[in-house]
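Structures incoming, each one as C-alpha cells.
In the two assemblies presented below, chain A is common to both, partnered first by chain B and then by chain C.
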Partner chain A sequence: MKEPIGRFIARWYSIPLLLVVWQVAVSSGLVQSRLLPGPAAVVEVLFSQIMSGVLVYHAAVTLGRALSGFALAATVGIPFAAAMARAPLCRNLFEPIFFFGYPVPKIALFPIFTYIFGLGTQSKIAFTFLECLYPIVVSSYFGFRGIRTRLVWTARNFGAGPWTVFWRVVLPSALPAIFSGLRIALPVAIIVVVLTEMIGDSIGLGYYITVWSTRFTFQNVYAAIIVVGVCGFSLDQILVQIRRRFVHEAPDAAR
Partner chain B sequence: MPLLDIRSLDKSFTADNKEITVLDRLSLSIEDRDFVSIVGPTGCGKSTFLHIVGGFESKTGGEVRLNDRPLDAPGPDRGMMFQDHSLFPWLTALENVCWPLEMKGLPRAKRLEMAREYLDLVHLGRYADLYPEQLSGGMKQRAALARLLALDPQMFLMDEPFGALDSQTRELLQEELHAIWRHRRKTVLFVTHDIDEAVYLGTRLLVFTARPGRIKADIRIEADERTANFRTSPEFFKTRTRVWDLLREEVLKARALEEN
Partner chain C sequence: MKLRLTVFQNLLVPVVVVVCWEVFGRLGDVPPYLSYPSQILAALWHLAADGELFGAVVVSLYRVTAGFAIGASAGVGVGLAAGLVRGVRNFFDPLVSLLFAVPKIAFLPVFLILLGIGDPSKIGIVAFSCFFPMFIAARHSVSSINKLFVWAAQNMGASRHTLFFRVIIPAAAPEIFAGLRISLAHAFIVLFAAELIGSHSGLGMLIADGEDAARFDLMFAAILAFAILGFVSDRILMAVRARVLRGAMLGTEEKILA
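Coming up: the complex of A and B.
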C-alpha cells in the first residue's frame, strides 16, 4: 500500500513544487506583473468558471472539435496508410506528397479553409483532420511496411486467406506504430483547435483565451490553459489504456 | 510417381541492381516417406529451396510438382518451420500452437487440450503462457516445433530446427522427430549444419554446392531404425566422414566467394 503512494509522489511531485515556487515568487513580490497572477488567484477563477459552466461549455466545444477531427483522421488515415503500404500504385501516387507535405506548416492554409468551410466548427474540424492525418498516416505507413514476411508466410501456411492474414498478422504487427501515430496526433488536434479558435471564433477555449487576454485578465487565461492541459493529459491517458488493451507489449517494457 | 518432383529449378534475387543466382538448374525427386537431410555451406540457398517447396517464394524458372500438380501456393499439407522460428510475438506459446488447430476448425476446448499435449511433448508445458520474447532461443525452437506438430502436415519442411538447442535436448527431440516420422508416415526435408544430425535422421542426404546451389551429392542411408546403436555403427562413421569431405570443399569455395 505504501509502495504505490511513494511511487506516485516520486512521479508527480514536480507539479505541486512548481505551484509552490510560483506562489512564493508572486506573493513575496519577486514577480510583480499583471501578466502573472498567483496560482491561488488562478485556481479561484478556475473553480468559479467551472461551477458557472462557462469553462465547461468552451472546453466541450474545443474537445468536440478536436476529437471529431482526430477521429476522422484516424478513420481515413489508417486504411489509407495500409493501402499505401500494400499497393505500389497507391504508394507511388501518394508517398512523395506525404513526405513533402509533412514539414510544411499547414496553418498557412487555414485562411483557405475558412473560405471553403466558413469560420465555424466545420473549418476547424477540417483543418484538424488535415493536421492529424500526417502523423497518423506516416507512422501507420511505417508500421504496415515493417511487417515480417515470415509471419505472413506462417499464417498462409496454416491456410489463412488474405482477410485472416490482415486481421491476425498485419494489423497486430502494425498496431504499435499506429498507436504511436495516434499519440502524436492527439495533442496536435487540441493545439490546432485552440490555435484556430484564437484566430477567429466566438466559442471554444481558444476564443476564451483571446478574449480574456485582450481584457488583461490573466487569471482566466491561465485557468483556460490549465483546462487545455488537463484535457490533453486525460485523453492521452485514455489512449494509453486503450493501447494497453489491444497491443501486446514486451512484458518488461510494459510500464 | 514421386511425391515431389523438381525439374531444373532456377532462383535468382535482385538486390541493389545486382542479380544473384541462388539455385541453378536443380533437379530432384523426393518419394513419399523420405527423410531428406540437406547440408551445404552458408548462403548456398538451402532456406530459399525450402521456401520454394513451401510455396512462399516464387521460382525464377523450372518446374516444381507436388503429387503431379504444379506447386505455387502455400498449404497446410506442407508445414514450414522457419530458421528464425517465426512465432507470433503477440501470442503466448500456447496461443501460437493453438492457431493451426483453430484453422482446422477444432472447438476451443479441444484445441487447448491438444496444444498443451504438443507443448508437453517438447517439454515446454510449464512455459505455455509465456510470450516468445520471454523464451530462450532453444525454447522458441521447441515452441515452433510444437506448432508444426499441431499443424500436422504431410510434409515437414524444417530449416535448422534444432540449431539453438543444447545437445541433450537436441538428441531427445531428434528421437522424437524420428518416431513421428516413422509412425505417422511423414515426408521430411530437414536442413541442418550438424552432419551427425543429418546422418542420424536422414534416409537420404543431399549436399548442396556453394552458391549457386546445386546438388553435389545425393547419398542414401539405409539403416532403417535409428537407435543409439546407429550413432556408433561403422556405417554412421563412414557416411559422416564422406559428407564431411564433400562439404569441406564447398565451404572453402563459399568462403572464397565471400571474399571476392
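Coming up: the complex of A and C.
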C-alpha cells in the first residue's frame, strides 16, 4: 500500500517546513545563532558526537538505567498486581498505597533516594522502578480484575487446574491491560532517568544536556535532545511490536 | 464486622511503617537523613507558622496553575481543531509525534536561556509539557466520536455551533478529562525538576535548601507539602470531572480510582 505522493506531502510537510523556517531565521540573523543554532549546525554536531562515540556512550548509560528500572518494575509489578487482584488479603493491604499514592508526585522523593542509594546509577534505577511501578501495577490490576468469570468457569469445567487457568486464561485476557500499563511506564522511565541525571550526575544524556547548556553550546543540547527522542520513539515501537506478537485478540487496541 | 476488618487491613501497612519509622528514628537506629515523622510534622508546623511554607506554596502553585492552564487549554484547543479540521491535523500530527517521545524537561535549559530564571521559564516549561498529552487526548477524542451522533444531529438540523457544543464537546469530554489528569501529573513533575535545577523560590527550592543545610526534617516537610499539593490538585480535578461527567461515569469501575 503506497500512498499517493500528494497525500504524503500533505501529511508530512510541516516538519521540513519548520526546519527550513528555522534555518532561514538563523541564517538571516533574525535570532541569535548562539542561543538557537540552526538545524544544519545541530545535525553536524550530532554526527560528529555520534562518530566520536560520546553521545553513544551517554545514550547507553541512560538507556541502561531506564530499561533496568523498567524491567524491575515489570517483573515485580505484574505478579504483584495479579496477587492483589486475586487475593483479598493482599488487595486490602496494598490497594490504598497504590490508589492514594498514584496521584502523588513521586519525584519529590528523589532527594531521599540520593541519600539512600547515592548519586550514581543505583538511585536512578531505584527511582525509575518506583515511578514505573505505579502505572504498571494499577493498569495490570484492572486487567486481572476485569477478566470475565465465564471464561474461568469454562476452563475449570474442562478440568483445567489453577496453574493452567492462570497461564492459559487469566494471563492472556489481562495481557492488553498489562501492555497498556507498560506503554505508559516506558516513556516515564526515560523521562525520569533524564530528569534525575539533570539534577545530579556525571554521566548520561541528562548530564550531557545540562553541562553543554551551562557552556552555552546549544547545538550539543539539541543533538542530545534528538538522541533522547529517537531512543524514546524506538523503545515505544519495539514495545508495540512485542505487543503485536503476544496480544492476538485486542478489540480495543487503541486504548 | 467484615467492613471493619477491611479497614483494619487497609490501614495496617501505612500505620506499621509510620510507627516503625518513628520508633527507630527516635532510638537513632535510622540514618539521620531519614528523620522521623513527629520531627517532620514539627518542622512542617514551624514552616507553616513563620509563613515560609505559605510563600513557597503560593509561588509553586502559581507556576503550576498558570502553566497547566496555558498548556492544557492550548492542547485542548489545538487538539480539537486537529480532530475536526484536516489542515490543522496534517500540520500538527507529525510535529507532535516527533516531539512526544522527547522528555520535555530536556528543553529546560532552552527555556531558562530564553525566559530567564524567574516565573516565566517555569510556566513556559510546564505549559510546554502539558500541551502534548492534552493535544493527543483531545485530538483522539474527536476522531473516536460515534459518527452516528454527528449524523443524527445534522439530520435534525443542528447548526455547526450546536453540533460543536451539544454533540462534540460532551462526547469528547471523558477523554479530555483523562488527558487533563495526565497533564496535571506532568505539570507537577516538571515543576519540581525546574524548581530544583534552576530557581530562587518555590517548594522545590525549599527542598533543596533543607538538603543543603542538612536539615532533613525541613526537607521532608517540604516534600510532604509538595506531595499533598499534587494529591489535592488531582482530587479537585477528579471532583470536577465527577460533576461534569455525572452520566458518563455510571457503572464504570473507575470509581475505585477516583
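In this text, the second predicted complex is superposed on the first by the 222 of 255 C-alpha atoms of A that agree within 3 Å, B and C clash if a C-alpha of one lies under 4 Å from a C-alpha of the other, contacts with A are read in each partner's own complex, and residues count from 1 in each chain.
Here is the rule we use: contacts are C-beta pairs under 8 Å (C-beta built on N, C-alpha and C of every residue); 3 or more make two chains touch, one makes a residue touch a chain.
Here the structure is a predicted model, which means the values were calculated and not measured.
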| item | value |
| --- | --- |
| Chain B versus chain C as contact partner of A:112, first or second or both or neither | second |
| Contacts of A:172 with chain B and chain C, given as first, second, both or neither | first |
| Touching partner for A:163 - first (chain B), second (chain C), both, neither | neither |
| Broader residue contact with chain A after superposition on the shared chain, chain B or chain C | C |
| First (chain B), second (chain C), both or neither touched by A:150 | first |
| Chain C residues within the chain A interface of the complex | 5-6, 9-14, 31, 33-34, 90-95, 98-99, 101-103, 105-110, 112-114, 140, 144, 185, 188-189, 192-193, 196-197, 207-208, 211, 219-220, 223, 226-227, 230-231, 233-235, 253, 256-257 |
| Interfacial residue positions of chain B with respect to chain A in the complex | 51, 54, 56, 73-76, 78-80, 82, 84, 86, 88-91, 99-100, 103, 131, 133-134, 151 |
| In the complex with chain C, residue positions of chain A that touch it | 10-15, 18, 35, 89, 92-97, 99-100, 102-105, 107-109, 111-112, 115-116, 138, 142, 145-146, 187, 190-191, 194-195, 198-199, 205-206, 209-210, 213-214, 216, 218, 221, 224-225, 228-233, 236, 254 |
| Sites on chain A touched by chain B in the complex | 148, 150-151, 153-160, 169, 172, 247-248, 250-251 |
